[in-house]
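Next come two complexes, and both contain chain A; in the first it sits with chain B, in the second with chain C.
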Partner chain A sequence: MSKQLLDVQGLSVTFTTHQGTARVLEKVSLSLQAGEILGLVGETGCGKSVLARSILRLIPQPPGRIHEGRIMFQEKNLLKLSARAMRSVRGRCISMIFQEPLSSLNPVFTIGNQMREMARLHLGLGREAANEHCAAMLARVRLPDARGLLRKYPHELSGGQRQRVMIAMELSCGPQLLLADEPTTALDVTVQGQILQIIKEQAAQRDMAVLLITHDMGVVAQTCDRVAVMYAGVVVETATVADLFARPEHPYTQGLIAAIPGRERIQQLLTIPGTVPDLVTPPPGCRYHPRCVLRVKNCNRIEPELSTIGAQHAVACHLSAGKPQENWRRP
Partner chain B sequence: MLTLRILSRNPSAAAGGGILAVMVCMALLAGVLAPYEPVEINLSERLQGPGADHWFGTDEMGRDIFSRIMYGARISLRIGFFVVAIAGGLGALIGATAGYLGGWVDNLMMRVMDVIISFPSLVLAMALAAAMGPSLNNAILAVAFVMIPKFARMVRGEALAVREMPFVLASRVAGAGHAWIILRHILPNCLNSVIVLATLTLGDAILIAASLSFIGLGAQPPMPEWGAMISVGRKFLMDQWWYATFPGLFILFTVVGFNILGDALRDVLDPRIRR
Partner chain C sequence: MKLPGRFLMTLLLYVLRRLAYMAPVLLGVTVLAFLISHAIPGDPAQLIAGPKASRETVENIRRTHGLDQPLPAQYWRFLHGLSQGDLGVSIRSHRPVLEDIRDYLPATLELTLASLLLCLGLGIPLGILAAVKRNTVVDHLTRVFSVIGVSTPVFWLGLMLLLVFYRHLGWLPGSGRLDVTMAAPLRITGMYTVDALLAGDWQALRNAASHLLLPAFCLSYVYLAIITRIVRSSMIAVLGQDYIVTARANGLSEARVVLKHAFKNSLIPTVTIVGLSFGELMGGAILTETIFSWPGMGKYVVDSVNYLDFPAIMGFTLMVSLAYVCVNLAVDVLYAAINPTIRY
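Presenting the complex of A and B:
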């Protein structure tokens, strides 16, 4: 196994609210190698975006607070860097693209104006060189007429074009890690495929790691090498994509996969009963147990540890500890 | 450019713009068009009524009031411009910083603004101008100072909204610092409102500056400042009505011109009232 590019260990993040302190991330650990695409899936509000923002140290503090853990990136602990050093990591080494390509570009400046800003900030290019560089970047995300595009304003572009501009912009300084926070949710399905394809291509060409946050299992299957499933601020299962879909181990993962709308289930959409728990007072023991159809008596008392059950497959569930599971189907 | 086209179709904007265009022409072309020198004393023709030789009459030194008003337009417009530039610039910067950073910076800056705003603006400007000594430049500074909170408060409100926009976060992800974000992202997105408020404030600024000159704290004689002219002309109001009336009318036109242009601009530029 090659060296880890990003290694998050035991990261806990809390947010102070009027209701009390919400434990939004609870001892989250995950790692990424160069060139790897890791999917991070989970329901809305399970802490996916908070994790990505914590990596860049961009959660608002207060109310947020990173309690414990380390975020090792290229052997440096990002949580120990000075604000200035952190600024040079952002954009240069780690980039991020967002869900809303519509508003991630400043409406009052041209595309070129905004793209040059990055190239000049981090790469120290002159005006002409920056222009050249940006046009080349736009061409790489398959946007035709890059030169003309640089002179346009964001409102003159379609959603897909804007997201491609964002990708070109974020990749323009050659980051080793791209955090993609639901990059395709706001786009229609055909454009979605193109964007994912571009992300995949760029990751392969540049040996760049991608943390792809999504709640769409279909996107994961299409794009990722490995998957981490999060539930209520806890990583409950990590596995390779093939493994996860063939042998989902955690009841929550099984539920997620069963809930993918498919052709044979067109009549009735399956859901997981119940809702995401309140993170101010999370359920004791396994955070999933109130909704779990397979719970046993230890589930509400002991918090399961993430334990390895196979090659690159780890799961946090009492049921999986030790004994191999039958291929379980939902009733 | 679209803005200009919409504006030209709006009758009140056209009227306001027209008045101001006349004022600006008067100010620029005073040297060419004015029939007399503004400070040329001619004691044989003192206090003449309006007529063919002197359209608006003459003052107690025999100076032509029409010429003095034309030169006075230069002074008034300059006052307005500098006041708005200083107050708008500083106010916008303070507001954007306070709104974007929030927390104690916001609190501190806005409480200072509240202190300034809690004085009646004319009284505060008077006190400041008197403390700094009567001169036109000091009057400009004094008026600019009392105008700062207006801009700061408005821009702060806008900045609170802009800072939540995803492109601000995107810029931080790209490694931008706070100063960069304030100058590049927050301020440009507040510019529309600043332009509207600046136009509306220009009228006020000219009025307050004229008031300061009226009580002797602004422009000093023999400067042909409108407020100062009214101040002297007041003594002759009973018998020589034209002396104070014409400068007063020009102050009125200018202020009204800026106000209706500002209102029309707001209708066009302000997204909150856009239909």
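Presenting the complex of A and C:
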């Protein structure tokens, strides 16, 4: 196995709220290799976006605070970098695209203005060269009339076009890692497919790693190499896509997969009962135990560690620890 | 900023259209001003002639100023004169109203514009600072500064400024537009600071500016405070937007994020307030002019109203409305330049 591009170890993040201190990320560990697409799935509010923003150190502090852990990127701990050094990582080495392509582009500047600004900053290009470069980038994400597009404002574009512009902009400085925070959630299904295709293509061409945040298991199956499942600020399972769908280990993952609307289950959509816990006072032990149908007596006392159960397959569940896989059944 | 030619063309058409709309607005203003000023009880002819004048003298004055004619005829006469650029002769000063305006309006305009400049030049940076340093000492200090601003009566503020900076410290002059020993710069706009600047007369510029500072601050303080608060709150709203996160995620420096990406967006609500403030500043100038013996139109208009000097009232009302309409046109044009979703 080649060296890790990104290696997050034991990252804990809290947010101070009126109700108290919310433990939004709890000892999260993740790693990504060059060229790999890792899907990060979980319900709304489970800390997926906070994780992505923490990697770029973009969480507002206060109220947010990164407590412990390391974020190693190309052998450097991002949490130890100076503000200046961090700025040269942002956009240049690690880029990010967001869910809402309209609100993530500045409405009062042209596409060209925003794209050029970045290219000039990171690549040191002159105005004309930057223009050339940006037009070429737009063409690569299959946007016709790139030159004309540079003179347009975000509101003059459709949602899919805007998201492509975002991708073109974020890829323009040749990052090694792209953080994609639900890039297709706000788009039509047809456009969604195109955007994922573009992300996949670009990752392959540039040997770029992608952290694809989504709550859509379909998107994961279609796009990713590996998956990390998050629940209430904790990574509960990581596996290759094939492994995860074939042998989901954690009861939460099993629930997520069972809840995918499919042709054979059209008559009744399965759901996971209950809601995401309050992170100010998370449940003791395993954070999933109040909703878990398989819980045993240790679940509400001891927090399970993420432990390896196979090649590239790790899970944080008492049921799986040290047990052969045949011994349990899906509910 | 490079604007496409197509945009400039549509903008020009828009400005022309707006200038055409201006005519009915100003006509409406004259009708209203005319009716209201004639509804004030009193006889201007009697006022001019004095209490001991004979009947004939009063009748004579009435006839020479056309006050004996019915109202529609008087209005028609006014309009007829206006169409030839003649605003009539002041009943009180016996000079053409246009000449009076020429003498007094530039002083008021200078004061108003200087106040507006102070509002923007201080209000915008203070607002940005307060938003960026939200909930810190800086923010609290600007809040105190603003609250004092909106809650201090102008007459009291003016007196206090005079007491401190003129009487006790002696840093700034307390009245007039120039030292009496000083000759006014060559008249181009009638605004001394601007004229001195155009003539390159630095000594006159210094002198005129030092005279202007206290009254301009006194007049601007309320709006300065309001603009500071508006800029702060719109800046805070903008800084929470997704595109600010994008800008930061793209590696831009904090200064660039705030001053380029956030600032232009936060200007949209600010510009509206600035347009409205201008009218208020012009109206508010009267009080400030009185406190600082500023020879502007404030006192002239008050005297004209007391004397029922109809041509003067009409002339000044027209000029102030014209200035107000022009400023608001400028505001609308600025809108289009700032906010690309607005196209005319």
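Note that in this section the second predicted complex is superposed on the first by the 324 of 331 C-alpha atoms of A that agree within 3 Å, B and C clash if a C-alpha of one lies under 4 Å from a C-alpha of the other, contacts with A are read in each partner's own complex, and residues count from 1 in each chain.
Throughout what follows, contacts are C-beta pairs under 8 Å (C-beta built on N, C-alpha and C of every residue); 3 or more make two chains touch, one makes a residue touch a chain.
Source: prediction; values computed, not measured.
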Check chain A with both chain B and chain C modelled on it and let me know: fit or clash.
-> clash
Check the residue A:Lys27 against both partner chains and state whether it touches chain B (first), chain C (second), both, or neither.
-> neither
Between chain B (first) and chain C (second), which does A:Met96 come into contact with in this model arrangement: first, second, both, or neither?
-> both
Pick one for A:Arg87: touches chain B only (first), chain C only (second), both, or neither.
-> both
Chain B versus chain C as contact partner of A:Phe109, first or second or both or neither = both
Check the residue A:Arg226 against both partner chains and state whether it touches chain B (first), chain C (second), both, or neither.
-> neither
Is A:Arg140 in contact with chain B, with chain C, with both, or with neither (first, second, both, neither)?
-> neither
Of the partners chain B and chain C, which touch A:Met118 in the superposed model: first, second, both, neither?
-> both
Could you look at A:Arg151 and tell me whether it touches chain B, chain C, both or neither (first, second, both, neither)?
-> second
Check chain A for residues that touch chain B in one structure and chain C in the other, and list them.
-> 56, 58, 87-92, 95-96, 98, 100, 103-109, 117-118, 121-122, 166, 169-170
Which residues of chain C touch chain A in their complex?
-> 4, 241-243, 245-253, 261, 264-265, 338-341
Contact footprint of chain C on chain A as seen in their complex | 53, 56, 58, 87-92, 95-96, 98, 100, 103-110, 117-118, 121-122, 151, 153, 155, 166, 169-170
Considering the complex alone, what residue numbers of chain A touch chain B?
-> 56, 58, 87-92, 95-96, 98, 100, 103-109, 117-118, 121-122, 166, 169-170
Chain A partner contacts - residues on chain B that touch it in the complex = 165-167, 169-177, 184-185, 188-189, 191
